[in-house]
Structures are given as C-alpha cells and as structure tokens.
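A, B, C, D, E and F label the chains in the order they appear, each numbered from 1.
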Amino acid sequence: MLRLSPKDSLRFSETNSFDVVYGGGEPNVAVSLANYNIPVEFVTRIPKNDIGKLALMEMCKHNVGTKHIVEGGDRLGIYFLETGAVNRGSKVVYDRAHSSMSTIKPGMVNWTEVFKDAEWFHWTGITPAISQSAADACLEAVKIASSMGITISTDFNYRANLWNYGGNREAIMTELTSYCDIIIGNEKDAAMHFGIEPQGVENVHEGDRIKEKAFLSVCRQMQAKFPKIKKIITTLRGSISASHNSWEGVLYDGKSLLKSSSYQMTHIVDRVGGGDSFMGGLIYGLLNFPEDDQKTLDFAIAASCLKHTIKGDVNLATIAEIEKLMNGDSSGRVAR
Amino acid sequence: MLRLSPKDSLRFSETNSFDVVYGGGEPNVAVSLANYNIPVEFVTRIPKNDIGKLALMEMCKHNVGTKHIVEGGDRLGIYFLETGAVNRGSKVVYDRAHSSMSTIKPGMVNWTEVFKDAEWFHWTGITPAISQSAADACLEAVKIASSMGITISTDFNYRANLWNYGGNREAIMTELTSYCDIIIGNEKDAAMHFGIEPQGVENVHEGDRIKEKAFLSVCRQMQAKFPKIKKIITTLRGSISASHNSWEGVLYDGKSLLKSSSYQMTHIVDRVGGGDSFMGGLIYGLLNFPEDDQKTLDFAIAASCLKHTIKGDVNLATIAEIEKLMNGDSSGRVAR
Amino acid sequence: MLRLSPKDSLRFSETNSFDVVYGGGEPNVAVSLANYNIPVEFVTRIPKNDIGKLALMEMCKHNVGTKHIVEGGDRLGIYFLETGAVNRGSKVVYDRAHSSMSTIKPGMVNWTEVFKDAEWFHWTGITPAISQSAADACLEAVKIASSMGITISTDFNYRANLWNYGGNREAIMTELTSYCDIIIGNEKDAAMHFGIEPQGVENVHEGDRIKEKAFLSVCRQMQAKFPKIKKIITTLRGSISASHNSWEGVLYDGKSLLKSSSYQMTHIVDRVGGGDSFMGGLIYGLLNFPEDDQKTLDFAIAASCLKHTIKGDVNLATIAEIEKLMNGDSSGRVAR
Amino acid sequence: MLRLSPKDSLRFSETNSFDVVYGGGEPNVAVSLANYNIPVEFVTRIPKNDIGKLALMEMCKHNVGTKHIVEGGDRLGIYFLETGAVNRGSKVVYDRAHSSMSTIKPGMVNWTEVFKDAEWFHWTGITPAISQSAADACLEAVKIASSMGITISTDFNYRANLWNYGGNREAIMTELTSYCDIIIGNEKDAAMHFGIEPQGVENVHEGDRIKEKAFLSVCRQMQAKFPKIKKIITTLRGSISASHNSWEGVLYDGKSLLKSSSYQMTHIVDRVGGGDSFMGGLIYGLLNFPEDDQKTLDFAIAASCLKHTIKGDVNLATIAEIEKLMNGDSSGRVAR
Amino acid sequence: MLRLSPKDSLRFSETNSFDVVYGGGEPNVAVSLANYNIPVEFVTRIPKNDIGKLALMEMCKHNVGTKHIVEGGDRLGIYFLETGAVNRGSKVVYDRAHSSMSTIKPGMVNWTEVFKDAEWFHWTGITPAISQSAADACLEAVKIASSMGITISTDFNYRANLWNYGGNREAIMTELTSYCDIIIGNEKDAAMHFGIEPQGVENVHEGDRIKEKAFLSVCRQMQAKFPKIKKIITTLRGSISASHNSWEGVLYDGKSLLKSSSYQMTHIVDRVGGGDSFMGGLIYGLLNFPEDDQKTLDFAIAASCLKHTIKGDVNLATIAEIEKLMNGDSSGRVAR
Amino acid sequence: MLRLSPKDSLRFSETNSFDVVYGGGEPNVAVSLANYNIPVEFVTRIPKNDIGKLALMEMCKHNVGTKHIVEGGDRLGIYFLETGAVNRGSKVVYDRAHSSMSTIKPGMVNWTEVFKDAEWFHWTGITPAISQSAADACLEAVKIASSMGITISTDFNYRANLWNYGGNREAIMTELTSYCDIIIGNEKDAAMHFGIEPQGVENVHEGDRIKEKAFLSVCRQMQAKFPKIKKIITTLRGSISASHNSWEGVLYDGKSLLKSSSYQMTHIVDRVGGGDSFMGGLIYGLLNFPEDDQKTLDFAIAASCLKHTIKGDVNLATIAEIEKLMNGDSSGRVAR
C-alpha cells in the first residue's frame, strides 16, 4: 500500500505535500526479515502502472524478493495517515477498496512454485477481511503451504472497518487458522473469531491489561480447538498517550506463558507497523533461536520497540541495534 | 480530484513526497470564474471523510460555493502527475475508478434547488464517460437546466482511457449535446461522437492543424445537427515540446470563424488545466462582453496562456493580468 | 496576522525559509467556532494587496465569514515565531506596528449591519492596546453590540509590549469591560487594569498558582465593579518546560468556582493560540450547554489541550475529538 | 530588506512557506564588491531585534563589513516576491513603510568615521525616496563624502511607488546628484528628475530602445548641468518575456558612448538585483581597469548577466566566471 | 559515488540542504541496462558502513545486481554538483580521493566468477585514471574477460583532474584498449592517449565540431592500432548554453560513419550522465539490433536525449519512451 | 567539518536529502565565544575549493575570525549524522580521513602572528588523534602559545575510532597536556592517557557516575603530574534515552570540587556539540567571572543545556537566555 502522510504532526488540512512510503501488514514483515538477511519473497498483486512499479522498487531496495508478485487489477491500495501527538491519536483514512490485491482470486498465483524452496509462510488477517476472493486466495495458499509441510504463521490483525463484504468471518478464520503453527492474536480475536472466552478467572482485566491467567485460559482453548498451533503470542501496548506508550509481549509456548522485558517508548516517532515489526522479529527468533523462546520474545519486543523510533511502516532496525537493546542498553548514546 | 505529483520534473521513482493540489475539469472552471468574481457553485459528490473535506476546503479557499455538494460513496478520485520537460511529455496515472463521483446517480442532487438562481450550467464530457449512472445524473441535470431556461455549456474533453464502462457513447453524447448552447470541442470530437467529418476540403490538415475551412464545415454540420448550439470554440495547441507550446483559439459564432492572437508559451510551468482555464475565460467573456465575441475569445486565450505559467490545475490569473496580456503586454516585466 | 516561523525548533538564524500560517487572537477564536459549525463572521481591516488577500483566503478555507472585513491601510501585521523546546522558550518578534488594523477608526465598519443577525460579539484586549483609534473603534463596536442586546465576551490577553501608544489603559479597559458578559482574565489583569487585589487571603499564591479563595475574591470584586459580568474564566498553565505544560481551567459562574480536569501536555507541538482555542471552546459550550457550565469548561479545556498538539495558531480539533478527550480517552490510540 | 518569496514560480496563494533571502539596492552592490575581494562597508539602520540581526549575519557571511551599521527603529523592511514566468511578470509587494532605514535621520551615522579610509561611496535613489529624513541623511552623507574627496556613485533606481512622502523630488535629486561622479540612470530618470529631454533627434525610440544619438544628447545635458559627473551608464533590457530577456549596457565616458556585448538570457532564474549586480561590476571595473572603460562595461554587463542565473537578490558570480563569460565563453559547459 | 547538490539552480553557498542521488560512469550504464530489462551486475568496491550500504540499496532499487560488489576501504567517493543555467555552467567539486574504489587492487574481485554467465563487460576510462592499483585491477578484469570471450566496451570519459597519480597514461590506455571491441571516444581521446591525429584534412574542425572526414581518419587509425575494435562511437554536443544543448551521435562501424538524428534540448533538467545514458542505449542496441547499427545509434541518442530531462545521474527513460522519440514524436504531449 | 544529516529522525536509507551544517570540536567552541561577543579566531586548514569556502562563510556569518585559516590539502572532513530517538541512539559515520586538517604540518600556520593579540588558546584532543603531522602542528602551537604567556585550554574529547595512525598516544598527550592551564576531561581520559586511577575509594562508581571522592583523587593526581593545570572540569551526562538526558558539571579548582545545578533535558533536539558548548560557556565564565568559579560552572552547564534544544553542532543560545536559565527560570514560557 502507498502511505501518504503530512509531514511531522501536521493535520491533513495543513499540508500541501504528502510524504510517501510503502507498507502494509505483510510487506512490513518481509522487510524486517530481509533486514535480518533472511531470504524472503513478498507475494501480492499490484496494478500494471507506474504506481504499482513504485511498490516493487521499494521492495527491491530493501532486498525483498518480488519474482512471485503478479500484475493486474485497477489500483494500488492507499492509506492516508495523520500522525498524532499527546492526546490526539493518529488517524488513518483507508482508500484500499478495489485495490489489485482485493480482487486477487485463487489461481492467480502459482503457490506450488512460490513454496518450492520455502520454509515459512506468513499471512495476516487483513487479507481474508478485504474480499471473498482474497479470502479464497488466502485459503488456497494456506492449504498448499500446509500440504508442502511449510510452517505457517498469522497475525490476526483485526481492523474494525474491514470484513464488510459479507463473508462468514468465523467460518473463514476457523478454517484458515486450523492450518497455522504460530499465531499472533489476543483475547479479543479469540472471542470475536471463535467465541472463545477466558474461563475460571473472575475479573478478566486489570486496568486495560488482560490477566495472565485469563490469557492462559484463552491460549489453552485455542490450542484445543486448533491442535496444529505451537505458539500463541501477543503484544501488550499501554497507551499513555500518542507520544508515549509502554510495550511488552507474552508468548504461550504450548505449556506456559513467557513474558518479555517492558519498555517505555517516551517519544514515539511512528507507531504504525509496530505489530508487524514484532512479527518480523518473532519469525527471525523462531528460526534462529529455536530452543530459546524467551530470547525470541525478547528479540521481537526489542525490535518492535525500535520500530517506534523509525518513520514509515517498515522497521529499519538492524540485528546489532536490536541485540544491544535486548541486552539492556537503552541509553540511546551516540555511536561514533 | 486529488492530484499528487513529484516536485519539479522528478519522475515518480525519484521522489519520496508528492505535492498535493485539487482539480478536475469542472472545479478548474469554477475556480476561474470565482477569481473573476462571478458567483459560482460547484456541484459534485465527495466521500464523507477527511480527504473529501480537503477538496471542500480548497473550493472554499477559492470562494467557490459548496452548498450543493453531496457526500457519499467510497473515495475521492486521485490522479498522479509526472511533469515532463522538453521531449519527455508529462504522464498522468489515473486512480479515479470507484470515486464518489463515478457512483453518483440521478436523484442524489436537487437540481431544481441548484439552478434556482443560476444563469449558466457547465458540464464536461468526462462525467458521462466515467459510468452509466454518472451519465444518467448528467443528463438529469442538463434536462432540468434546459427546462429552467439556463444557458448550458460543455467541454467535450475526450479522454482515451475513459468510456470503458460499456455505455453507448454516440447516443449519450448526442442527447446531452442537444441541450447545449456553447460547445468546446474539435473536429476529432465531432467525428468520434457524431460521425461528422469535414466536407469539401481536400486535405483537412495543414501540419497538425485543421484548416479553417474544414473546421467551419464541421461547425456548420454540428449546428445543423444541434440547432440549440450558438457557438463552437476550440483551442489550437502546437506542441513544439513539453516545455514550449504555441497557443491560440478559434470561435465559430454561428456564422463565421473568429481567430484569437497566437502565443508562444516558451517555458511552460504546468500545462494541466489549460483547456479548463480557457473555458473559464470564455464563460466570463460571454457573460461580460456579450456583444464582442472577439474580445471574449481573446480574453479566454490570454487567460489560459497565463495558466501555463501557474502550477496546479486551477488558473490563478487575475482579470487585470489577463487584460494586460490581451492588450499586448507580454513582456513579463516585474510589477513593483 | 501573518505568522512566519522557521521549521521545527530551528532558530531564526538557522533557516532559509519560513513556514507561513495566519492567526491572531480574534481569528483563532473564529476558526474554532467555524470548526464547530457555528456561523461566524470575522471583522478586521486588511491592506488592499496580495498579502491581505492571503489572510482572507485562509479565513474562507476555514469557513469563517469575511463579508464585513474592510480594506485599507498599509500592511498586514506580521509576527515571527521561533519555537522553543525544553528550557528554551518560544520567542515572538512582533512586526505589527502600522498594520491596517492598528489604523482602524470608528466609522470604518458598519457595526449595525455586522450585528444584524448576530448573537455574540467577542473582542480581545489586544485591540485597544495597539492604538487609540483601534481602542475607539473597539468601544464603538462594544457600545453598538450592547445596545443591540448581543452577548459580549472578551479575553483580556495582556501583552507587555503593547499599550505603548500612551492611552489611559485603566480608563479604556474599565469602559470596555463594563459592557461585557463573559470575561477571560486572571488576577494579574484585575490588578493591572482595575487595581483589584485578592482580599482576606494571606498568601495569595501556592507555587505559581493563585489560591482558589484568592481568585474567588477577585471575581467577586470584578462582579461588584462590573455588574453586567456573568462569568469569569481563566486557564491555569503550569510551565514545566517549553515542551511540557500542565493545563486546566476555572470558571466563576457568579456564585462559585468550577474546576476542569487537569491535563499533562507532555510533547507540545505548538503552544501559540492555546488561550484562543480555550475561548473558542468556551463560547461553543456557553451556546450549546447553557445549563451546564462544568461541561462547558471541560469542553473548553479539552479543546485547548488538543490545540497544543496542532501546529499553527488555530485549533483544528473537531467536536468528536474534543468530546472523546473530555470523556476521558487521552490514550492517543490510532483511529483506523 | 528581508525578501520573502514562494518557491519556484508558485503564486502567493499556493504556498505555505516563503524562501528567505536578504537584499536591497545597496547591500546587493556591497555583496558583489565583497565577492570581488574589495573591502566594503555597508551602512544602514536596522531594528534591534532578531530579524535585524539576521540581516547583519547575512552581510557577515558574504564578508561585507557591518561595523558602521546603526541599530534603532521599528522594523526591517520586507518585500514579498512572486516570481513570474513567460508572460506573467514577477510581482513585488513592498512592506517597507516605517522601516528602521526610513526613519534614519542626519546625525545617526558618524560619516566622518565611515569615510576615514574609504575611496568610494555609493548611494541609490531609493534612499531619498522613502522619507524626508532619509533624504536628509543621504544628503548629509554625500556632502561629507564629497568634502573628503571620495568618489561618489549613484544608481537612480526609480520606483513608481516611492516618493510619496511629499518631498520635492526635483530639488532633492538635483542637489544629491550635483555631488556625484558616476551615474547609473536612463533618459526617463533625466526627464523625470531634471526635466532633461533628448534634443535634435526626431523619433527618440526605436522599438523600446532609446536611440544612441538621443541618449548621447541626454548625457551631454546631464554633464552640463552636473559638471562633476564623469560617466553616465545605463543598461538596456529587452523583455521578450519574464523568462527571456536580452541584456546590454552603454557607458558615456564624457565624450562618447561605448556599447557592451549583448546577451540573450533565455532561462532567467531570478531577475531581481540585475541592475545592482551591474553597478557592482561597474565599480569593480572602474577601480581595476581605470584606463579601459570598455573592459569595465563588459565586465559589468557580464557580471549582471550571470546574476540572472542566480537565485536571490545578490550576485554570487566570481571574477573567474565573469571573465570567462566576457571573454566569449557562454557555452555553459560543466566545469569538472 | 554519492552526489550532493543544492536544489534547483542554487549555488553552494545558498543552500542548507543537499539533494542526494547515486551515480558514476559505470553504475549509470548499469541502471540504464536494468531499465531495459537486461540482467546486469555492477562490480565495484564500497566501504563497509551505512553510506556504502546506501549505494547498494540504490542499485537494488533499480534492479541492478550487487552480488559481486566487494566491501572494504575507507569511503564512498563523493561529488558535489552545482547546477548551472544559461551561461553559468554546472560546477562539479570532486571529493573522490581515497575512495574504496580508488584503493581496489587486483585479486579483490573474483572476475572468473563475475564473468561466468556474462556476455558483455563495460569499463570506463575513469577507473584507470584514479590510481595505479585501480588501473591494475581494471587490466586484470579486461584480460580475464577477454580470455573468456566476452565482448568488451569502454567509454574513455577523460577527466582533466584525474590521472594525477603518476601512472603512464599512454601505456595503460593502450594496453586496456587493445582488448576492447566497442569504443566510445573522440578525436581528443585519440590524440591524447595514443597520439593519433586526423590525416589528410586541412581544417579539422568546423565551428566546434570535428569534420566527418577527420573523424573517419581517426577511426581508421584507431582500428589499425587496435585490430580488435569493431565500432567507434562518439556523441556531438553543441553547448548553446547550460540550458540548451544540441545533441547527436556518430558511429563508425569499421567501414563508414553513420549519423543519428539531431535533437535540440532546449530546457535541460540535468546534463550529468548524458554520455553514460548514451552508452547504456548503445549496448542495448548492439545486443538487440545487431544487424542495424543505425537503429542502435538512434536508440542511444534518443535515450540520452531523454536523460537530459531527468534529474540525477541515471537515465530513467523507458524503452517505450525512447522508441516514441526515436520514431519522431518529440512533441512532449501529456500521456493520459 | 561538513555535517550531513537526514531530516528529523529519519534513517540514512529513508532520505533523499541531507541537511547541511558545519561544525567540529574547535569551531563549535569558537562560535559560542563569538555569540558571547568575545573576539575569536578559528585556526584550521581547509581545501581550496567551493566546499572549503562554505565552511569559511559559515564562520564569518557567526562572526568568527578566519584570517589565520590556511588553504591546502585534499578535502574538508565530513561526517554523516543519523539522529536517534528514545532507545535508538544517534549514529555518526565519519568521513574525515585525508581531510585538509589531517594533513596539516608544523610550519603551515604562523602561530606567532596568530597569538600576537590573543589571551587564550583552545585545542581539543581530536587534533593530535587524527595524524602524526596534526599532532606535531598542535604541539607547535601549544609550545608557542605557552612561550607567549597565553592561557591554554583543552577538551580531551576522546573518540574511540581515532588514534589509529600509530602515534604514541600517552607520550603525545602527556607533552601537550603539560602546557595546559584548563582541562576538560574525565576519569576515563586520565586512566587511558596517563594511567591515573582513583585512589582510596572502594567502589569508584555509583550507578554510571563516578563518586566525587574518586574524581577528586584523579584531579589531584593530574595536578601533581601537570603542575601548570589550574582547573579540571567535567560534565556528567545521564543517558536515560536518546531523547532524555540529565546534565550537570563539576569543576575542580585546584582545591575542591564545585558542582553545578542539574538539568533534565527531556526532549533533546540535538545532542551533538553538547560538550563543546560547555567548553564555550566555561571559557566565557573564566574570562568574565574570574573570581567566581561556581558562576562560571553554572553558566557553562546552562549554556550547554540550552545547546541540546538547538539543531546543529554550534550553540546559538544568547547570554540573556543562558542567564535566565542559570537564574532558575527553566519554564520555557513564550517570550513575547
């Protein structure tokens, strides 16, 4: 997606130029992985015009593979972003209806070819939410990936303004999720998509945080419903203001709940893509520290913490920077 | 429409920001008229979101009335513009499909109310070209305007990449044109929309210009077919390069052909909206110099000549500046 | 006034371009009201040149009426703003001497026409402070408004570098205030303009805040001196640093003192216009929640709190955003 | 003076930022001379505020001496510049009324100290045109300079919108001119200020150029009236359009008329300061090639020709660049 | 190389920001070829730091292969560019001394691996001119390429300020050239590097152009000296001014001289990289129209003509745009 | 040095333009002093090209003397700065190798002339760290200054990535330091350069701060080793994050340790040059409050505190602003 935003914290009506970056749930994860030197292919559908080409070039610049991207359809999705401050939240105006990706259909991508040398397939809950045909294409991909023994991860990434094409969300999400190994999602996703509620806990929340015991209950029900699931992970964001958030993550490894360090992000530069950068760090960790989920979780949360200091959708933090932070150096001293 | 363009003559792939202006065939004419202190209302349909509101604010800033604009639909049309130079032409990528305007339908605008105090209604050939329902709404407007005795003008404004919704172009344009008093169009429009070809002239063109006699023949056939037509006007652009055009206009007043002065626009700043600024000048002239078509034509061509020195879709030249130029002062001396 | 400021927190000597916005005590209030869909006319005097026209266009863009603005005089007032950070305060260099507004005289505006359909007239203490003739014109307006039964409000808005034309400040302010219904002012204004000091309180201040009892004493004396006054309101700003202020307001309703919520504005974007945005919110509240002064005060303080996150003089926060904040959601989460 | 201008060829109403440069008739000449390594002091009056300081810093940056500049008064003069293109001329809106320089008075500058080590004093016709006290101060300077045997030059630099304070222009200019050695001025100045008209030539102009014989007649009458005059020089600008001018100069050396080469400035970047850069080149030539007026004239015209390719008021061309051009290399090849 | 340039035609001392692009003789050719969908690898040496990485990312963005680029050395070469106008030429300040590329040595690149699947190797005369070790590495590459039967092209690209390390230019260039099939160079290169002068022609030049007969004589001597040479090509630039050049090319095919169309580039946007874009077009033509040297020459000259309308070092013109121009459409009409 | 940095907190790979400022340890101190109206000459070596001239002009703009600067060598040193936020620290990429300054040699500067009217000489530890010849030139300067009775100060300013030319750091620094009166340095410098460790303190640090007693021990050993030393000063930075530091200073006056106020810099604009601005304030204080070291220290720490709110390397805070802060007003209220 093309992201158009006024400079700094200007409101839409104050600007006569838009900064341009490219992003979206899936490409954001792809760029993170490419930055960690993990070979990655981004699969999507873009229009055959100069604007579609810009998205391609941006992926190439970040060393994300584009050879499976298909051309066609009317337009590249756009979103307009107004960046907030203090108690004025950022504002997103989506203009993604009728995008090339929303009119993708099963058969358009040769998934067998895509997955030939792949180890991992990641999709997000946005794809099945934009149109029936995109949901169908997503299911096609997931089925083929599964049949080829590839690890499958998803980020439920629920957006209130999607799912308005009339599809049966619960059925679709249930089938898609049944193929997944790794889930990023929270108790709201579980309730909304699958009717799963925490059991045996009196007050589920403490402040705006779910209690550990409650989340554990949700994870266990999820695991029971979807036996293929190996891990369920979620981030916990404390929104003190648009400029200051706290940030941590929890990982259910099938048995118990691991907790990451907690960060205070006191002067947020760009909050968009925070979750995607967490996903990118998580996949990196799962691939590189398969025996150490705590390290994986700490890497993912430190990676996404740094994302909040970087403008744009994608995370440009390096492994060295992330490791420095996860090893406790949050001093922000000048490196020279 | 939102217009997004890289600065200066940068290509799309060289920029990370887009300049933002608002424009389109009809609003461009409206702003011209407002600048000439003619009370004007712009009637269109925009989405109920912050981006639609930007277009509204821009109209207000230029003193164009917005009280008849209706809200609804998915999105504001967008076009991307890459500005050319020398022998690299400017490039437009349209992203106007599914715009709020393209899904307008008869009944959405209260035309009787719109035309209550109006003298003039202007529409362009772009509206019937974007969708059947927009063509229907345009016809609805034209019929009501006609029944209320309002002068109707049109600019055929043919765009090759429109008319792809399957409508019967000849039938639609014939009906719409039959209600019009003032036409901007050329021999290609006449041939394409109505099958009218110049008669009695051997070689129709001289260089890339139509011969006067040939155009006269077309005008007379048009007049025969559409008896309501009072004047047919066209501009003659000589494209020496993207940076240098020649510019003049001809006006058929029902009897003979008047010719404007000819200008050399040697360092074009922004060529987009040139025709619309001509239309704006023309309506101003027809309202203010009803007895002097030569003056009207000279005003319109001088107005649009100045437009080529102004960035953006709309013409910001003032009456004083236009009159200075039409009175022969093209020296561009500093006013201080 | 034209406001010229270096980008971000650059000092004057670091920039080679100035950002341009328009503002001033009265237009800032006008734009707030227009944003809340209250019909509003801005009355001022601007020079008959292109720079004066810019101010007009900006008002039109924000839907503020301009039909009573008169043209004349030498120049549009200018102020240069250098935006501070942390313990470097923002710096204003005024260049407003000899502005068109400062040479306004009684008789230049047809106030009877202005107030024909009006309910409310707002003036600020800056106008009588710039010149004797402006003070005279202000008094003329206030008298006519009063005679026509219109509610009159003022913001004393004292500026140390004004009042240097030699007028009798106490006499002028006393006469002007005697016509007012609603006052924004604090204990310093009362002491300076009217010689009113808090009575019966030993230590008037607690830190840099006036004690409630002391302010109440001031309000009661004000009310005794100016029986027309219905409410006295003031904001309480805690300047922790240029980047971080606390913010609340108190309203004396003729009987007792109401207090607003208190906000921490931890990453201020633009502090200029904070008081004006409070005034805008206050008038909106008094018109819309006439029975609920607490709600009015909370609306006004939330409105102005949001202003501090918005660049420029005017407040672009919407009613929805203000209500969200006054209802307790200061989380600044992304709206998407 | 502070010059504020929209970027590129944007109109005032299209920008939300102004580019900032410093300039004016006299400082422009000063910067030219400093660039040619001629020690130069700029004498003016600026306000004691941050904006005045900006002007000072700019002079220092260009190595122009500032030690005789006096502080005081209300404001730095401002002018707004909208840069034209093709047949839309550039537009200047002056906001220089009440500037610190316009309220300068005799006695404020210690001219004896200023001229202690000076060889040359240059003033322009703008100074006596802004106020009586500035005219008086100018006369004071000219008299002292003359009494100390310093060469005096002037550029008449007539501006239609000045001289409105009611001073007796003819008397003032006659007295000031009587002290001058070197004059830049044309037949219009001579007629307007001194009632001198060409004699013995039937049609004074050829196109928009004065005939050589006519100008010679004017020069000789000037010389008769002002016996101290040694040379009269004028530039001849052919305004083909705002983007394309022709440019040459003529110099009357007390006996005959020398003509410079003629240049076509086909893609003008910034036309403002063209005359001042000519004056700068002229003084440099008169000081360095005292025996070779043709070389001086050619240097001055080449210098000012290059100015038209440089943004801002001041000429940043170097001696090497000017000599390259005056020696015939106008190819504009890349130097690398 | 990193190219740093003030915006538009600003001089160095007028800017406080530099536009950043990447370029250089060889990468410019590489990007052209990548744009024509020719698989291409760029081989160079860059420092192991963030600035080196920027160059890498830029190549990736344009789909130029980077897998053979080696890391090491101190710094990325930089050049500062001030863009001229009219008779002020552009100015380049090189800061390329001690660059990573200048300290490359034989053995650092595995040329056998590089050339494994290659058909063509292109080098420029800049490489042997920067240091002895770079000349040695270039010779190493040329020898291995030659031994593997790969076509070798060069652009002599003489720069006066290079070759100052003391190497024997004639010997080095003679050996390097002896391996080449395709040469871009002119009579000055031939004279300077090889002592070859035109024979049998009285006045070698006509204006600033070499006579055809003279160039033919040079080509034939070149061919005699370097029997491997198949074609010698040169461009003919007419520098009317920095803003307006004429442009054509000639190609010696071993027998006779072919001439391209001639273009007037009347509003040059960026002249840097003109020759490299010609080389890119030439290689494309030689690969795609092996039987039609005229078409190749016309493609190359049209490609480089378009480059002059594009900012930056690299040519972003597409095959479609080039073919449109070489087929005679230089009208620069808007494509929409 | 030329400093090139992406706008705001953009990463290198996100920008296509660099903001340009000039700076470096010594010029930063010079500009501070010039801002305090202390006559100051900056002595350095710059290349004879347009980029070197930019540095000169910047010094002139800030009223720093340049008459002793010598021209020569290859290039102006450059550093690239990426500004961090929160827990992403700023990043500096040096490109200063082979700079004109690094190839300075004894004899190039006429130090006797330089010091003729000087009272004070300041050098930094960066100079001897860049090359042997620079170290030699520094020693030459220090010896001559000392012989002429001039006060000598230094800031050790250790940079890990320098001192790589192989010089004997301990010997060089020992000799240079032996001539110094005023030292800015900390316990790490003392240990590294001179092998001095705190004595008689068990745990030297408390958190990341050295204990007072320990620093006192270091100071006394320094004083014993270098009897000329009069004062040793150091700043104490607490890096809470890249956006928030605490800041204070301590001064050893030969007997005891004075402590400054402590500041919280909660929204840092630019941290680079913080130490240099402290040095500038210190020299100002030592010259102006020779009897009041506490005042000197408080001035220096307040000056450098303000520097953190100002973009660029140099401190643009004024004496008035610094005194306001050191007198306790850190409220950052708007001055108007």
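A few notes on this one:
Rule of thumb we're sticking to: contacts are C-beta pairs under 8 Å (C-beta built on N, C-alpha and C of every residue); 3 or more make two chains touch, one makes a residue touch a chain.
Bear in mind that the values here come from a model prediction, so they are computed numbers and not experimental data.
Note on connectivity: the fewest steps through touching chains from chain C to chain D is 1. For the pairs A-C and A-B, the larger set of C-beta contacts lies at A-C.
Each chain gets one centre point, the mean of its Cα atoms, and the points for chain C and chain F are 45 Å apart. With centres taken as mean Cα positions, chain E sits 63 Å from chain C. Residue positions of chain A with contacts to 2 or more other chains are 8, 13-16, 21, 57, 61, 91, 267. Residues of chain D that touch chain C in their complex: 4, 12-13, 15-21, 49-51, 53-54, 57, 74-76, 78, 80, 82, 91, 93, 95, 97-98.
Chain contact summary for the complex, chain F toward chain A: residues 8-11, 13-14, 84-92, 94, 159-161, 239-244, 267, 271-272. Within the complex, the chain F residues that touch chain C are 8, 21, 61, 263, 265-269, 305-306, 308-312, 316-317, 321, 325, 330-336. Note for the complex: chain E touches chain A at residues 57-58, 60-63.
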